[in-house]
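The first chain written gets the first letter, and so on, giving A, B, C and D; residue counts start at 1 in each chain.
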Amino acid sequence: MSRTPQTPQDWWSTAIVEMRPGMLRFRGYAVEELIGQIGFAEMVWLLTRGELPERSQARLLEAALVSAVDHGPQAPSIAVARMAMTCGVGINNAMASAINVLGDVHGGAGEQCVAFFLRIAQRLDARGETAEGAAVAAAVAAEMTALADAGVRHVPGFGHRFHPVDPRAPRLMQLVDEAARDGAVSGRFAAIARAVEAELARRKGRKIPMNVDGATAVIFAELGFAPALCRGLFVLARSVGALSHAWEESQSGARNKGPIPRNLLWTYTGPPPRKLPGRSDGE
Amino acid sequence: MSRTPQTPQDWWSTAIVEMRPGMLRFRGYAVEELIGQIGFAEMVWLLTRGELPERSQARLLEAALVSAVDHGPQAPSIAVARMAMTCGVGINNAMASAINVLGDVHGGAGEQCVAFFLRIAQRLDARGETAEGAAVAAAVAAEMTALADAGVRHVPGFGHRFHPVDPRAPRLMQLVDEAARDGAVSGRFAAIARAVEAELARRKGRKIPMNVDGATAVIFAELGFAPALCRGLFVLARSVGALSHAWEESQSGARNKGPIPRNLLWTYTGPPPRKLPGRSDGE
Amino acid sequence: MSRTPQTPQDWWSTAIVEMRPGMLRFRGYAVEELIGQIGFAEMVWLLTRGELPERSQARLLEAALVSAVDHGPQAPSIAVARMAMTCGVGINNAMASAINVLGDVHGGAGEQCVAFFLRIAQRLDARGETAEGAAVAAAVAAEMTALADAGVRHVPGFGHRFHPVDPRAPRLMQLVDEAARDGAVSGRFAAIARAVEAELARRKGRKIPMNVDGATAVIFAELGFAPALCRGLFVLARSVGALSHAWEESQSGARNKGPIPRNLLWTYTGPPPRKLPGRSDGE
Amino acid sequence: MSRTPQTPQDWWSTAIVEMRPGMLRFRGYAVEELIGQIGFAEMVWLLTRGELPERSQARLLEAALVSAVDHGPQAPSIAVARMAMTCGVGINNAMASAINVLGDVHGGAGEQCVAFFLRIAQRLDARGETAEGAAVAAAVAAEMTALADAGVRHVPGFGHRFHPVDPRAPRLMQLVDEAARDGAVSGRFAAIARAVEAELARRKGRKIPMNVDGATAVIFAELGFAPALCRGLFVLARSVGALSHAWEESQSGARNKGPIPRNLLWTYTGPPPRKLPGRSDGE
């Protein structure tokens, strides 16, 4: 599949941006037309998807981005941003160290949840089903069994170790429902997500409510974003929190800030003090 | 200046976000009220500034963000994003490596330009002047002389090595002028920037037009963003380009992509082949 | 499996380092005893493994580290280091952006190869076999079939797209053989690696020689390093190249250096110029 | 100063490494000769300096590297490494986020101290003085006054907020003294550093002893490393700690580890809960 480009130009080809002296176009649109006419979230869509979104689509994307900007300085990404800022690096470096930790465990649930929803939809497609009623429930149950068989203990996008109910999820789902009622999105993935919630409650014997990753995954799936792109969208959102906390920390006067105040030391669990074995080679 | 917090809680205090089980507030606003009501750019403003912007302010911020998302794969940040993506890391890692290079030379012109404009404004303030006519010209000339005396050869925000006229700048300035006419901003920094352009032309004997960094600096200064925050806003904007290019590259099938195709090697300029000096110590 | 620490001290417990005012111990050894007595590679071993290595073990580790420091500015990691350095960031930031791209595809072959060798050894262990003769060949063939069945097309650690024979591999294997002859290592993984090479030649009909990743994987496996640690060791080694190239580039005077010279532009492959669709909502 | 390369090859020229199919040379030495003959620290020297070190020089470099590998999980770099590792990223990414924070405040003291020592040496050179007796004291006093006049409150390399006496410093100085006695280094910078210590004690009325940054700066200055390279050497050393702690943390089972245990929340210092202002524009 690997290309064999003959020139540096081909090696660096792109469909995103075109440039000549005095001219700059994104996906074919002159930059000076885009500026002032489209919002930041629409620009995110245009660059990642290739076309401009409908206004109703842009609103949903915007809601998803707004919901994910920050979850406090306990989150590793935000803690890293704050600590980095006290070490004498640029604010871009602090942001980079922060978003660099948005890996599979800290930033990946949305991506995993979109992929999970898409696999359920594929099960429905394979049987010519839409996303209604018993067919959905059956596809959800089958996919959740597959997940459990693969050893996955937590369904991505559901449950929260801190919030009994994540306050972002119901509000995001309300927006999806409104958009579905207006025909802006199909509502298929909202139905799938709710069927997952129902199946989870049935299996666990208690409600495991959708969290922000689940609800934004519904939005991203409804809008047609590929799973890997959804990680990127989450990164964009959380970058706002990283920036804000880095900036706030830069005003604090802390220097070389570690995870706990200097007067609290850690527990050492290694071997007791010992002598270096004799070194006979004279060094 | 250093705080002496007594508890981990104080060590990690913040004015940005408040959280309890089931509750999440940003700057005092419940997240479920913000979602769907404010746009992504407004959320950027709220988190970094502490208050919500006026709609007209948000529009200007949005225009600045839209204008800075990307400048092609020749830019080091975007090249890094693309190369990283072929190395088998997550898209967040590719974005991190990319924005990590937005340092003083690649991403710092906007911040430097805001600081430059603010110093000119301070000269005017110190003399009780507004930003009109001869007073501006004098303050600009004085500050540019100070810059030259400090050895700065390129005034940040003016001139472009690729674009004779940067197509983003005039459009951004048009939006600033409209906002000033509507009373949404003062227009003071637009006047300062134009005076800089005039003074530059006078000194160099040819037009050195404002570039995207200069025009976004006008917007950021009009909106009251501190210089260091402006670097962060640029990082947010360019993150969109980094994400888009990383994603596009991930579809390309390239593996381990370096700066030039594999069949082109670099010029070696070091010493000719030579033998290792005798090692008498038996290793 | 998650711990439930009751204090910040427990949350940050470690067996690597112990500290009190005026005292600093690594794995139980006072730092002032270690300094001047053990080499840098021995310190790497002590911190990652918990005990000091034998001198012969340290020599092998050292050889592996020396062999992997650099492979030229075409490698994405090194290119990133050089580009970053022209952007106005610190040398630590340039190194960070560089090693951040040492992912599964660019820096992961060693780790994958160690894991591959260990799986072969487990097949032998399961049957009570040492690493000799026909038993090795059978275990190798079985594991390679498993790899092929899993869709893996390139056996990690063998073959090189640039070097017909990677000059580092034979020399590293020579050192392993010497150490095995002296009883410093078992030689088991050297035998496994050579059996892989033989099986590969049989299957492909031509020699696919061991490369640097394969030979260092032999060393790491002989020395008992866990696969994930081997990625880390490679990162340490390549950091030397990243530092050296970043430093050299910092002397070059290049600013904002992208992948190709500024006068060469990329091939644009997107849509032709087009007008922005009418925006009826008055923005 | 900027080069105007005509080809990609020239744009990526280097004096560090030469490569052809089957051939790989560093600074002119064939890699297969270097492997097994020189140690890791010697390779660091060769790549950064261009020539091989004397064995006695390599020993001093090695001691400096050994002394700086780690200072516990309270240090931001190490904390970042551990936190990153719980977020589901690769060990290279954890190391990158960690060393990325080794900025001016956290990792820069060594570099700053080398530069400080070099400025003192220049004062001596300018007056044709060696580093003995009264001349040194005068040059030190003059440079420290210059530092104080520039607003620098802490002389880099001296004093420690945790260790009354940093146990690494006396041991490192002992090695420098031995090397000076053997003629391997001049001892000039050891004399300068001690004169700084004496002058500091005189000015502050109490001993502010040399710390690890000061003592390694003596070594780096004696060995002729440029200040910016010294930051890089510190990064190499601390990468060992980052790797070790990331690896240890990966075995802990912690997920998404933040700076304090989950049951301890931060102090919120922002505005009290408040309602979103009325939004009349219908969004």
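Definition applied: a residue touches a chain if its C-beta (ideal position, glycine included) is under 8 Å from a C-beta of that chain, and two chains touch if they have at least 3 such contacts.
In this text the structure is predicted, and so the values were computed from the model without any measurement.
Trainee: Among the remaining chains, which ones contact both chain C and chain D?
Mentor: Chains that touch both chain C and chain D, as defined above, are A, B.
Trainee: At the place where copies chain A and chain D touch, is the share of residue numbers found on both sides over half (same) or under half (different)?
Mentor: Same, since most residue numbers here occur in both copies.
Trainee: Pick the pair with more C-beta contacts: B-C or A-B?
Mentor: A-B
Trainee: Just the number, please: Cα centre separation of chain B and chain D in whole Å.
Mentor: Chain centroid spacing, chain B to chain D, equals 28 Å.
Trainee: Roughly how far is chain B from chain C, centre to centre by C-alpha average, rounded to an integer in Å?
Mentor: Whole-Å distance between the two chain centres: 35.
Trainee: Could you please state the distance in Å, as a whole number, between where the Cα atoms of chain A are centred and where those of chain B are centred?
Mentor: 23
Trainee: Counting only residues that touch at least 2 other chains, which ones in chain B make the list?
Mentor: Only 7-8, 12, 14-17, 19, 30, 34, 36, 38-39, 59, 72-74, 79, 89-90, 92-93, 96-97, 100-104, 107-108, 162, 255, 257, 259-260, 264-266, 283 qualify.
Trainee: Considering only which chains touch which, how would you classify the arrangement: line, ring, star, complete or other?
Mentor: The chain contacts form a complete graph, every chain touching every other.
Trainee: Write out the stretch or stretches of chain A touching chain C in their complex.
Mentor: Contacts found on chain A: 7-10, 12-20, 25, 27-30, 33-34, 36-38, 50, 52, 55, 89-90, 92-93, 96-97, 100, 259-260, 264-277, 279, 281, 283.
Trainee: For a test of understanding, state which residues of chain C touch chain B in their complex under the given definition.
Mentor: Touch list, chain C to chain B: 8, 59, 72-77, 79-80, 83-84, 86-90, 93-94, 96-98, 100-108, 161-162, 255-260, 262, 265-266, 283.
Trainee: For chain D, which residues count as touching chain C in their complex?
Mentor: 1-3, 5-8, 11-12, 14-17, 19, 21-24, 26, 30-32, 34-36, 38-41, 43-44, 47-48, 59, 62-63, 65-67, 69-74, 79, 82, 90-93, 95-97, 99-104, 107-108, 162-168, 170-172, 174-175, 228-229, 231-233, 235-237, 239-241, 243-248, 250, 252-255, 257, 260-261, 264
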